[in-house]
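Please go over the structures that come below.
Both complexes below contain subunit A, partnered by subunit B and then by subunit C.
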Partner chain A sequence: MKGALSIAGSASRLEAAPIIVVFLLLLLLFMITAPGVFMAPNIYTTFLSTLPPLILLATGLTFVIGAGEIDLSFPAIIAFSGFVFAILFKEYQLGWLAVAIALLSGVLVGFVNGLLVARLGIPSFIATLGAQFFWSGIATVLSGGKSYALRGAEESSVWLWLVGRFQFGGDPYDWYNQVSVQALWTALIVVFLWFILNRHRFGEHVLFLGDSNDVSRVVGVDVEKEKIRLFTMMGALAALAAVFLTLENRNYFGNQGQGYLLLAIAAVLIGGTSIFGGRATIIGSVFGCFIVMVIETGLVASGLEGSWVRTVQGLVFLAAIIFYLIIEEPQRWRAAIARLLPAPLAPSRKGGDEHPA
Partner chain B sequence: MRMTRFLLIGAAAFGLMTAASLAQEAPGAGVTIYMQMGGNAGDGATLARQTGAAAAAKALGVDQLNEQFSAWAPEKMIEQFKQALAANPSCIVIMGHPGADAFKALVDEAVAKGIVVTHGNSPLTPLMEAYGPKGFGYAGVDLYEGGKLTAEEMIKVGNLKAGDKAMVYGVFSQAERGLSEKGLADTLEKAGLTVERLEITQEANSDASLAVPVLAAYVQNNPDLKAIGTQHGGITGILAEVLKKAGKKPGEITVGGIDLGPATIDGLKSGYVQLTLDQLLYMQGFMPVLQCVLTAKYKMPGLNLNTGAGVVTSQTINDLVSLIDAGIR
Partner chain C sequence: MGMDVAAARIDYTHIVRLEDVQKHFGAIHALKNINLAIGRNEIVGLIGDNGAGKSTLIKTLTGVLKPSSGHIYVRDRQINLEDYSVGMAHELAIQTVYQDKSLGEKQPLWRNFFVGRQITNRWGFIDIKKEKEIANDILKRAIGFRGKGITVDSNVKQLSGGERQGIAIGRAMHFKADLIVLDEPTVALAVKEVRKVLDFVRRIKEQGHACIYIEHNLAHVHEVADRLVVLDRGEIVSEIRPQDMTVAALTEYLIEMQNRT
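Take a look at the complex of A and B:
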């Protein structure tokens, strides 16, 4: 028991270790249940082209949730900025300028969100929920609800540099020629933001805000300014996700992005960022994204009947969070068990595994 | 023409069974399939497709049938195609909703890798022309014709006249998928009706119950409304509830929809829904699996099957109820 606790203790010193373990266990499980898929490289190169938008969103959301706030408007930014990009790229052939304007549109939405929350004091849940409806409505009005096909986009330098594939010669459809450039950009952004969260004053302020706005003010944090920066950054990341998604699909869909809301929030919370703020882990969120993406793919590849997929998904999410509690916060886990069990059976305060005579 | 197609398919299936019995091996042995089912597992517009696909896979002895559900979100369908492609199955069955432009590069890649691709529910005509000989078939309604047929029956059953007001609720924004509502609205307009076209939101597209208050308010706000048309299975299922909430009596407004979900049966029985286009979802599940086996094993080209056979009315629904409950019709 001591040995197990010491392993658990060592593991908990590594950032997001429990969630990495859960991910590796899942991967191992799917390698056994669907070896044809998970023992081959193609599924992993596929993830490199489908995961980046989710990872960008989850990374931004890690900051927001870590600061004790929430942003529900990013699906609307994916629709709105995606539309801005698609129309400028397709109809006006603005190329890189279309990318820049689309990013600016996301920055603008995020900045307005920040103003609503920080200056007007509207709770972020309400402010960003309103923004979600407003900006997705604007996207529908501007696009007329229509989809836009970006025919020939893959010929452009924008496509090649943002979401193209690295080419190593040979058959273009071989797995090694399917590694998406957007995975590289996403990885660089994630590393950069990890340093911001863990080594920069802004990251420190974000976690202070998550602990307490009042205490943050006392220690000299400009709460309003940092919150505006926070939501603006989230808007920029959502806009970049929109550009990646639109280019990767070579299509703008009027309702794009709506499926990401719960997935991104689930990925962040499974990853170990506290919903109450004050604690955030980018590595945890990235592995949360891996889990979210790998579960459905793995269950389908294993031949599980469609109606069971959601149920098993939910169970895995719960198991991941319980595992996280056991490893990362054993005292909360013991307290939870104590509340569930009748008093004589509950673990004592001194040792979780001792039963009173 | 339709009868000829059925006979051809029947002959192909018979030939396949005979060949299989001679070889003493299940026709689908060695065949693995990834299949997009569309909505959510078990919903009224998806269940019969699942049942049909499972029945075909079992009858043909297919090694594995992997079902994918997308809540009708086009970008999810593209993502699912990529995941299916990575799994390198014998065959991938896709939904046509994202459109030919969105799918072209992926279908090119799949065919280049020797994977059979076929599709259903919403046609991808340019891809069918390009890859028909490689097995890119279609099992689904000829969307515009299906909408037209629904409208013609609505005019007949509801005695609709020039000048009457109608509303068509659909996904007009999706280029190919929207053709069914376009066919419906165009036909009503050609008959002289005044038609208002309303777009179904993505939320209501995935969960039709969200549209109940919207439509109830619309009906109350338009007391002169004579007809409602849709080609969305989930929405058809809620229309009886909408009209009850709006204070309408059965038959006061002529309703034409699509599919035969349990809620639609109640709508037909109660007289709130006059007719529904039966797009034979079971066939939309069964035929693509058969297509996969025929092409993967015997190199047969893609079959184009229009499953929009006709409409079901409150007079003809009773014989079908047990089959609908079993998820077959």
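Take a look at the complex of A and C:
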């Protein structure tokens, strides 16, 4: 017992160690089932340009879910801020200003989410679901449902600095010349936010909020202010993801964010952030993103039909949640089992639980 | 602000005084004409049935809830109720230990000691090493936790009920509270744990501070309080000195009060 405890103790000190092992095992599996893809370097440099938006979203969601809230509106922010960026960049040639305004638009949406949740006390699930419909509607109305091709964008300094490729000489299409700058920006942001979550006052407040709003209030955390900050930050990160995505694709289309809803939430929960709040791991979320992306690529590369991908992802997602439920809330798990078992087998409910007063 | 508090600390009669405080929740009149003064070195027991308004009263007193009307004085100075908050109560050296609501369950003890009052650099980054050092000191000296495998890195989840109360009271004392409000600290505790908590309560007074002690268990509060304030349906109905009434008589009195409708 004691030995098991100390092993569990040292494992928990290494943040997200179990999920890193799961990722490596999956990678190994796909290296065996699809060696042509996973034993070559190209796939990994490709990941450097496809993963960053997902990782930015998952990092933001780590805070949101860690605080015991949820944000379902980020796909709409990707649509809305992506549109703001695309039109200002293409039609008005605003360059860097277009980036700034697009980020501001995300901040604005996030701030409004924060107000709805913190000031009006609407559950974040409902508030951000409403926001999702509203802002994606606005994006559709403003864009008229059209997509915007950003032809020639790669000539601009915006493209070069945000999503350009590091050049190491030789064939520009060879794998080592496909390392995207956005991976670097994303890595810097993730490291910074790791420090914010684990070492900063705001991060501590987020974790206490997830633990209990009542306790937070009692110990002097400004619950409303921190929640507004939380959703505002999520909005900013979603807007940055939108800019990366639009630039990378050199194209804006209205539903470019939709695919991320499940993936980002799944990545965070697979990574080990508690669905009940109070415990959050950014390293876990990043590896959760790796897992989600590797499953998608790996299944297709292993010869499974694309239509199976979502099914398997959903399955992994549910399996992960059940796994953490057993670990984290064994009493809930036991209660669930007890409900499923026929009455004589279920543990007695008599005594013990009553309030002594 | 800091200067003000320091100056005000030197000389005052009452740490807190409520004057004609009312609290409404919609149609419910939760507190009626509350007049209550707490001296600078006494333990005041607050008793009354469920729903008598005990919790509402202390929440109002500590800045969690805003009164609908009335005045609050801290160290004989009137507080602007618009600004009054938990943070301000902390600055004024008023600390509350809520039953089950004082500690973040999933967080380590060192974070629990300092949350809301972190030791940070100017950018808001926490000095973890220093916080852990001080937390360890509180744990070992002020609270007297030794051995038992509990460290500043332990999660609150791992602690017993009495230990939790000890942590919360130790935290309040560390932050030099002049008034500690305890909300049913002995609920659901084993007899041995209750003894520990009552010792903590006595220590608050020995160190020259004041305490408001809410309790269901009349024997516990009767044992440590200097006077007992009885609340009924949002009103203060009487004040009793423990030496004037036995626990049994006090119980009779409260039951009779309940039956009188």
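Rule of thumb we're sticking to: the second predicted complex is superposed on the first by the 292 of 357 C-alpha atoms of A that agree within 3 Å, B and C clash if a C-alpha of one lies under 4 Å from a C-alpha of the other, contacts with A are read in each partner's own complex, and residues count from 1 in each chain.
Here is the rule we go by: a contact is a pair of C-beta atoms (placed from the backbone, for glycine too) under 8 Å apart; a residue touches a chain by one contact, two chains touch by 3 or more.
These numbers were taken from a predicted model, which means no experiment stands behind them.
Chemist: Considering only touches as defined above, state whether A:Ser81 meets subunit B (first), subunit C (second), both or neither.
Modeler: Neither subunit B nor subunit C is touched by A:Ser81.
Chemist: Can A:Arg199 be said to touch subunit B (first), subunit C (second), both, or neither?
Modeler: second
Chemist: For A:Ser212, select first, second, both or neither according to whether it touches subunit B, subunit C, the two together, or no partner.
Modeler: In the superposition, A:Ser212 touches subunit C alone.
Chemist: For A:Leu245, is the partner it touches subunit B (first), subunit C (second), both, or none of the two (neither)?
Modeler: Only subunit B is touched by A:Leu245; subunit C is not.
Chemist: Check whether subunit B or subunit C contacts more residues of subunit A in the superposed model.
Modeler: Ranking subunit B and subunit C by residues of subunit A touched puts B first.
Chemist: For A:Gly36, decide between first (touching subunit B), second (touching subunit C), both and neither.
Modeler: first
Chemist: Tell me the contact category for A:Ser180 with respect to subunit B and subunit C: first, second, both or neither.
Modeler: So A:Ser180 meets neither subunit B nor subunit C here.
Chemist: Contacts for A:Arg279 in the overlay, against subunit B (first) and subunit C (second): which applies, first, second, both or neither?
Modeler: Second partner only, subunit C.
Chemist: Report, in rising order, the residues of subunit A that make contact with subunit B in one complex and with subunit C in the other.
Modeler: The answer is that subunit A has no such residue.
Chemist: Okay, in this complex, where on subunit A does subunit B touch?
Modeler: 34, 36-37, 40, 42-43, 45-46, 49-50, 140, 143-147, 149-151, 154, 173, 245, 249-251, 253-256, 258-259, 297, 300-301, 303, 305-307, 309-310
Chemist: Of all residues in subunit B, which touch subunit A in the complex?
Modeler: 34, 37, 41-42, 50, 64-69, 71, 73-76, 78-79, 82-83, 85-88, 98-99, 101-102, 105, 109, 112-113, 172-175, 199, 201-203, 205
Chemist: For the complex, which residues does subunit C have touching subunit A?
Modeler: Contacts found on subunit C: 64, 85-87, 90, 96, 98, 101-107, 111-112, 115-118, 120, 123-126, 128, 187-188, 216-217.
Chemist: Can you check the complex and tell me which residues of subunit A touch subunit C?
Modeler: Where subunit A meets subunit C, its residues are 195, 199-202, 204-205, 207-208, 210-212, 214-222, 274, 278-279, 355-357.
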